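In what comes next, chain A is part of two complexes: it sits with chain B in the first one and with chain C in the second one.
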Partner chain A sequence: MKKWANTAKRSLPGALAVLAVLLLWEALCRVADVAVSKLPPPSAVILSLYHNASLLAEHSRATLAAVAAGLSLSVLVALALAVFMDRHSWLKQALYPLLIISQTIPIIALAPLFLIWFGLGLTSKIVVVALVCFFPMAINLVEGLEQVDPETINLLKVMQAGPAMIFRSAQLPAVLPYFFSGLKIAATYSVMGAVIGEWLAARWGLGVFMLRSMRSYQTANTFAAILVVVVLSLLLFKLTELAAWLAMPWHRHKSVYPEE
Partner chain B sequence: MEEKMERNNEVLILENISATYDSGEARLPVLKDISLRLKKGEFAALLGPSGSGKSTLLKIAAGLIRPDRGRVLLNGQESTGRVQKVGYMPQQDLLFPWKTLLENAALPLLAAGMAKKEASSRVRELLPIFGLEGFARYYPHQLSGGMRQRAALLRTVLIESSLLLLDEPFAALDAITRENLQEWLLSVLERFHRSVLFVTHSIDEAIYLADRVYLISERPGRIVLEQPIELPRPRSRGIITTAPFLSYKALLMKSLQSKD
Partner chain C sequence: MLRRNIRPALSLFLLLPGLALLFIPGCAGDGSSSDAEPDKITVLLDWTPNTNYSGMYAALEQGFYTEENLAVEFIQAPGSVIQIVSGGKAEFGVSYQEEVTFARLAGYPVVSIAAVLQHNTSGFASLKDKNITTPADFSGKTYGGWGSPVEEATIKALMEKDGADYSTVTIATTGEVDSLIVIEQEADFAWIYYGWTGVEAELKGMELNFIQLRDIDPALDYYTPVLVAGEALIEENPELIQRFMRATARGYRFAAENPAAAAEALLANAPELDRELVMASQEWLKDKYQDDAPRWGLQERERWESYTQWLFERGLIEEMIDVDKAFTNRFLE
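== the complex of A and B ==
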């Protein structure tokens, strides 16, 4: 109970700040009489959210499908690549610069090419999400595997443990904190990646809804979609934190002997 | 015939071991022409200053490092540079933070293919002897330094081997805990009958624990003195103020100072 009270206390200033910005925004729109098509007040955005609820849910479902597929793809590829790069140092030396270069290429510029390569369907969207998420995942995993203490591996070798047991007992758990910090970043980027993918070409998705609203000057709808993107990203972030909490029970227990 | 008898009686033989450490810029000689024979049931201490290559010698004995020159024989079999199943305990306790005490201690049994349930009950049987009863479900960071060291030793003893290679197991502990653990170690060894090669930089610890002390010089490490310790067993703490103990201590101190 006390923990909850503390959490509430800590998030109070943040909540108040958000509320203040919203009120200021609302007041500004009303006092200056800004056209709703230019800048809709928060109340209009909430109204739009209400009116388009079922439509937004439908589009969100499409976006989340791309997010799930792209994120999973990037995690799998990054994990496989990081393990290989860790096993063979020459591979790491060869691929590490490429990895960084890949991140510096603006996806927006590259994305139209995906249309040519992968067509108009879901594939293009998934590839954009995967590309956005791949880099934080791969970098964190490579770094995490570097941090594994070689003595722990020696210890298991002396017990005559095989490579599978060494990976399971020593390397994988040691990498989990790195994995989850990568995943937190990747998960937050992933929705944005899907929206970019949808701007290019798609029939469903929050990006599509945004584009349509913008083209028809229904700015409140655009903002509603932005709000949904923000909320979805935050949810994914929190979900990752929950997964980390579940996956690493040893991080939860407090020391009995605090002197160390 | 007699020669063969003697060989069978020796758990570990190191013959003319020399090793260098490749720092990337230069090859530093670490060990120079080290030979020693560890008899069955014997407790040998490697005593020397930090950086004298004692840890490297243990890794060579375990087969984790291949020496530049020399041979390692384990129970009469040549094992140079091949990882052997031995009770190797590295310098830090190296308990896996993501495993409970029980899971950490059970690792060697699981590596040997024992079923999880059986391994758990084996470990639980031994917990009282190691002063860890009631702590099976604790994570390492919840335990005191002395408890962690005992847990690591329990894990090491569960590696099925007649040889224990202990690398400064008590160096990180405070003086009182260290003395308690030394006494406790002797009592545990009476039960488990292992041959021990024990690295330390404490003269008192070496004399108190060992049947034989090998004095190692600064880098490159050479054996400058092989000193049998003929103090009666079981040894109580009081022995460290007796005349024979002190004369050994004077001898070792003199040899430590006069060399290099």
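== the complex of A and C ==
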């Protein structure tokens, strides 16, 4: 109980700040009489959200499919790569620069080519999401594996433990906090990644909704879709926090829901 | 001790792909027919769905494609139509004469197989109170657009025709910004397609001056938009194109005769659009599909030739394209 009260107390300033921004925004739109096509007031956005609820839900489903698949792909690839890089230091030296380069590529410029390489369907969106999410995952995992106590590993080796055993009992628990902080960043970016993919070519998805409402001069609808992207990203973030909390009981006091 | 803690973490790895699977079938599984397997074709749209495409959406909704045993899928792919169609990942696409010209010069084997609108409905729009009624009035004004060489050359050509000095025009790059907002605050005039943006201005009660390109220079009456197909498909499966074009031509004739139903067909496939704008735009456009041509979609060699010449004379293309290879009327029997 106390925990929840604490949580509520801590989220209060954030909630108030959001509310204040919204009220100020609404007031500004009304007082300055800004055209809805230039800056829709929050009330218009809420109204549009209400009117387009079922359509937005359908588009969200397509976006979430790309997000879920892309995020999973990036996690699996990053995990495999990080483990290999940790086992062979020459591989790490060889691949680390490439990892960083992968993040500096402006995806928006490359994404049209993805359409040609991976087709117009879900695959090309999955690849964009995976590319966006891969870097925070990989970097964190590599760093996490570096932090594993070598003494523990030596001890396990002495005890005749194989690589799988070492990974399970020493490396994985040590790397989990890094895994989850990477996943938090990746999850937050993932929805945006999917939207970028959909923006370029798609039948369904929040990116399609945004572009169509923008091109038919319905700015409030565009904002409604932006709001959905924000909420979905936040939900994914919270889901990751929850998963971290469940997966790392020994770590609870450190990261999430601190009790002071 | 350690192992117990790891289980939930491991199950997470399984959970995420599981989540993905949960969503995917819902998206991929659109209705598939049971009897004679229809040919699946993809049409790439060069913009978000709008009234230029209504004939195709009408053909879809009226079952004209089904009658030709075609299952047509429309995908909006602004900016990559040419690459994808010439790469064979989609059968057809929507483009425009200038793009086809540049694409062919760059080695993309695409061919224009129909003119969606018989004449170029684009031009320069400005607010009425700016008094820009001829290209000479562009002098000292600011143009808002993409700032591409063709835009600059077009403005320059129109002004020179009027004996005005192009160097007095300021070019502002406004890109994706709504043209109606651009001409209100960022610039004095912008290049718009009247059938969509011009109609939107009317609905908003904005008063515009509109200088239509083809009224100033007939060479600028190029085809926009056009439907394109890859040379490979034309070579290998002309019969498929024939069927697609038969149904599409029917769709555009239907749209011309039943603008309200065509607008509904478009809205049914793109419910995100503004209904009022779609209805008004459809009404404006209904006579522009076929216009003065003997049949919908026909393209004249002369028009291709004169715009190519125009581009060449201004150094916008380094060599002339063979226009006979760039377009064909053979699928419009």
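Just so we're on the same page, the second predicted complex is superposed on the first by the 251 of 260 C-alpha atoms of A that agree within 3 Å, B and C clash if a C-alpha of one lies under 4 Å from a C-alpha of the other, contacts with A are read in each partner's own complex, and residues count from 1 in each chain.
As a working rule, a contact is a pair of C-beta atoms (placed from the backbone, for glycine too) under 8 Å apart; a residue touches a chain by one contact, two chains touch by 3 or more.
Note that this is a predicted model, so its numbers are computed, not measured.
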Which superposed partner A:160 touches (first chain B, second chain C, both, neither): first
First, second, both or neither for A:209, with chain B first and chain C second: second
Touched partner set for A:169, first chain B, second chain C, both or neither: both
Chain B versus chain C as contact partner of A:93, first or second or both or neither: neither
Contacts of A:151 with chain B and chain C, given as first, second, both or neither: first
Partner chain(s) touched by A:201 [first = chain B, second = chain C, both, neither]: second
First (chain B), second (chain C), both or neither touched by A:217: second
More chain A residues in contact [chain B versus chain C]: C
Contacts on chain A seen with chain B and repeated with chain C across the two complexes: 169, 173, 176, 248, 250
Residue ranges of chain B in contact with chain A within the complex: 59, 62, 64, 83-86, 88, 90-92, 94, 96-99, 107-108, 110-112, 138-139, 141-145, 159
Chain A contact footprint on chain C (complex, rising order): 2-3, 5-6, 8-9, 12-13, 16-17, 19-20, 22-24, 26-28, 42, 44, 47-50, 73-80, 83-84, 87, 89-90, 176, 178, 180-181, 200, 270-274, 277-278
Chain A to chain C touching residues, read off their complex: 37-38, 52, 55, 61-62, 64-65, 68-69, 71-72, 75-76, 79, 112, 115-116, 119-122, 168-169, 172-173, 176, 179, 200-204, 208-209, 211-218, 221, 243, 246-250
Touching residues on chain A, where the partner in the complex is chain B: 149, 151-152, 154-161, 165, 169-170, 173-174, 176, 248, 250, 253-257, 259-260
